[in-house]
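First chain written, first letter: the chains are A, B and C, and each begins at residue 1.
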Amino acid sequence: MTALLELDELEVRYGAVAAVRDVSIGVKEGEIVGLIGPNGAGKSTTLHAIMGLVPTKGGSIRLRGSTLAGKPPESVARLGIALVPEGRRIFPQLTVDENLRLGLAGRRSRSGAEEDIDAVQELFPIVREFRRRQAGVLSGGQQQQLAIARALVAKPDLLLLDEPSLGLAPKIVDVVFEALAEIRRRGVTVLLVEQRAQRTVAFADRTYLMSNGEIRLTLTPDDAGDTDRMVAAYFAS
Amino acid sequence: MRWTRSLSELAPPALLVVVVGVVGSGTSPARQIDFQTALVSVAIVVALYVFVGNSGVLSFGQISFAAVGGYAAGVMTVPVELKVGTLPALAPLLRDHTIGNLPSLLLAAAFGAVYAALVALPLMRLSGLAAGIATFAVLEITHNILHEWTKIGPGAGVLSLVPETTGMLQATLGALVVMAIAYGYQRTRFGRQLRATREDPAAAQAVGISVHRQRLIAFTLSGGLSGFAGALYVHQIGSLTADQLYLELTFLSLAMLVVGGATSLWGAVVGALAVSGLDSFLGQAESGVNIGFTLNLPTGTRLVAVGAVMALVLVLRPTGITGGREFSLTWLRQLRRKERTA
Amino acid sequence: MTVIGAVDAQNLVDALGLGAIYGLMAVGIGLVFGVLRLVNFAYGQLIMAGAFTLAYASRAGWSTWQAILACFGVVIALSLVMEVTVFRPLRTRSPAVMLVATFAVSFLLQSIALLVVLKVQGQVGIPASTVAQLAQAVTIGGVDVRKVTIVALVVAIVALSGLALLLGKTTVGLQMRAAATDFTTARLLGVSANRVITLAVLLAGVIAAAVAVLLTASQSYVTSDFALHDMIIVLVGVVVGGIDRLWTATLGGFAIGFTRGVINGALPTDKSVYLPSALFALVILVLILRPAGLFAGGRSSVVDRV
């Protein structure tokens, strides 16, 4: 298996503050990789750097070996990376269907678009059921499913998720994680940023723990019970 | 420590203005007009800066305070015996009294401040584009009234025979006074709080700063200084029409501020002097000027060139010539270092 | 009471025509604001450039259609040049900087026009006779209706329905609507910023060219400050109506044009000297009561950011 996405000594600064320092992460094709850590650890910034939303100060970001540096978000999206942003960021005034169709903008090819929409609607039935409604009236959990569905119709190779379970009821969190497992079965690689540390560690093939802008630990599903190590890494400065 | 900082930030723009004043004094009376205009522009732009620069809110209304000040100073200083002829419809109170130069400057400042405070009370609750358009409406209303109401001024006609007391000295001192007050204000608690609301309104409010109150204070002070600058203006030219203190000057002064760098006093001064300087140089060139060779530009080029330079600076360096920072030696050093490495 | 008495059918028809033209200008401003969060003050100078094209075309003896075609060509080209040289480099800057930059552009274009006209003609303006026939009147039911009024209404209706179709039914229209709400997220989904912005600027340019033809038909002497005052009034109308959304902005533009038309026709000049003050006082009142716009529902998301 070759590395699909490779971050090498990535550094991102906001003015004088280093938000991300020396972060090296590899994501292989077909994997689910987790990224956990406390608020402000630099997890979202790492995703934003991959998408080209914030400029990098040092290091490199490569997709299948070719660099993403300096590419605007829309180009990164069309190279096959889709981000489900924090807070869902669906378009509340547009209908569910319109939201979904916006995801088509990131496709490399139009062919098979309708089939993919069907497949995604099967995965998230509410997206079909409410397709004529304004997206703004959906519940938080439904909006999250729509946001993931919208990312999937772009037919990405790599799906980035920024805290998809944030603010959701436990039952809906289960739905989201089940959907992620199904998405991987369909051949999409996943990089998952989460606050739910134990669940993520148990779920992902490999999980990086980030704190203060740096990677502190690399964990495997076997470490899911090892709370002491995680807690120590969370609060180490 | 604080003293040295104040000195190092206020001294360079003040020195620049003094240099302009001194150099100007050595030129022919005809050339002096250009220098005086530049110095009065400094006063107008710095007055504008007190509100726009510190608050980050665009206002198109500040020139109306300059207009009110200018008219007040002008109408009250025309000698009584001349008013009957030039301003026949004037209200008796205005017609029968005349005041001297200094009182007229102070009167203009007071008028500007009071008018601005009245306007600010409702308007400073607005922000963004709504605030911009509302201040623009103030400009339109002021212009409309000054243009029509002959009880308080010449109406659509020209206010003439105003004593021309703004020579090189008064222009220089006037600009310095406005700058000193502007700088004094931005170093007070009020000034710092307003600048905090500019950087992050939500955070500023969270620590208990009243955005409305701080904007109101700055708007009123800016209005007073604008009124004062308007008085300098009318005393420099000796006459005034409602159109002179209206749209064109509003846009020009805003452009000067942004070209110089809207968020610093240094930027306001540099912007006003640079654009005025360019403008008068090109004005000369339109009638032929010798700069090693004789440059002779067709009439109207001046405006085109000023417009082009303003647009260019804004596109290539949107933070303005100074980057919106106060003058400092470290900044100069950094700049030099950058040049060396480049 | 005399005011109301003086408003007759004739007056209302003229006011409708002006409302339609201002409504179109509002669409042009609103389209660009939607995707760029930029109030393009130089929009009036695009119209001026179109008017000068018509004027020069009529001097050169071109036919009406040739002149109109040239007008569209010049205005659209100028729009795109403006987007590439000014809007694009300033895209990420604060709205204040962008607004002042468009002032500078507006000032520059006006000065160029003045220079050219002064240099070439030795006077401040030139007549554009080629579209003047549009100003002729036809009588419908006892009311004299100038052809330009009919054309303005037709153009406004066609343009608005066309735009509604484009925005509502096409992919790129959907992308424009999405970009107008949340540009970053739209880009993350793969929506091309350049494509959406260029299209908005292009559409605004087409509308500016149409407005140039309509305005030149009714005021056929073209000067360097052509459309400047109209632009300012429309801008006020757009913000009062609610710049945040295209339809509220358009309605604001139409409303202020219609009001202006009615008042101009109804009031004798000596009574209307303080009218601007009254109107602008009303504008301030509306802004204080409804900062997000008269027609906008309570929210004030975008306007507050500016």
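In this section, contacts are C-beta pairs under 8 Å (C-beta built on N, C-alpha and C of every residue); 3 or more make two chains touch, one makes a residue touch a chain.
Quick caveat, the model's predicted, so the values are computed rather than measured.
Peer 1: Thinking of each chain as a vertex joined to the chains it touches, would you call that graph a line, ring, star, complete, or other?
Peer 2: Its topology is that of a line.
Peer 1: With centres defined as the mean of C-alpha atoms, identify the chain lying farthest from chain B.
Peer 2: It is A.
Peer 1: Which chain wins if you rank chains by how close their C-alpha centre is to the centre of all protein C-alpha atoms?
Peer 2: Here the chain at the core of the arrangement is C.
Peer 1: Could you state the distance in Å from the CA-based centre of chain B to that of chain C?
Peer 2: Centres of chain B and chain C (C-alpha means) sit 31 Å apart.
Peer 1: Centroid from C-alpha atoms only, then distance chain A to chain B, rounded to Å. What do you get?
Peer 2: Computed value for the inter-centroid distance: 52 Å.
Peer 1: Roughly how far is chain A from chain C, centre to centre by C-alpha average, rounded to an integer in Å?
Peer 2: 43
Peer 1: Residues of chain C that contact two or more other chains, please.
Peer 2: Residues of chain C touching two or more partner chains: there are none.
Peer 1: Which residues of chain A are in contact with two or more other chains?
Peer 2: Residues of chain A touching two or more partner chains: there are none.
Peer 1: Which positions of chain C touch chain A when the two form their complex?
Peer 2: 171, 174-175, 177-178, 181-182, 184-193
Peer 1: In their complex, what parts of chain A are in touch with chain C?
Peer 2: Touching chain C from chain A are residues 51, 53, 72-74, 77-78, 82-83, 85, 89, 91-94, 98, 101-107, 150-151, 154.
Peer 1: Mind pulling up the chain C residues that touch chain B in the complex?
Peer 2: Of all residues in chain C, those touching chain B are 39, 85-86, 89-90, 93-97, 99-101, 103-105, 107-112, 114-115, 118-119, 232, 235-236, 239-240, 243, 273-274, 276-277, 280-281, 283-284, 287-288, 291-292, 300, 303-306.
Peer 1: Contact residues on chain B for chain C in the complex?
Peer 2: Answer in residue numbers: 56, 58, 122-123, 125-130, 132-134, 136-138, 140-141, 144-145, 148, 251, 254-255, 258, 262, 298-301, 303-304, 306-308, 310-311, 314-316, 318.
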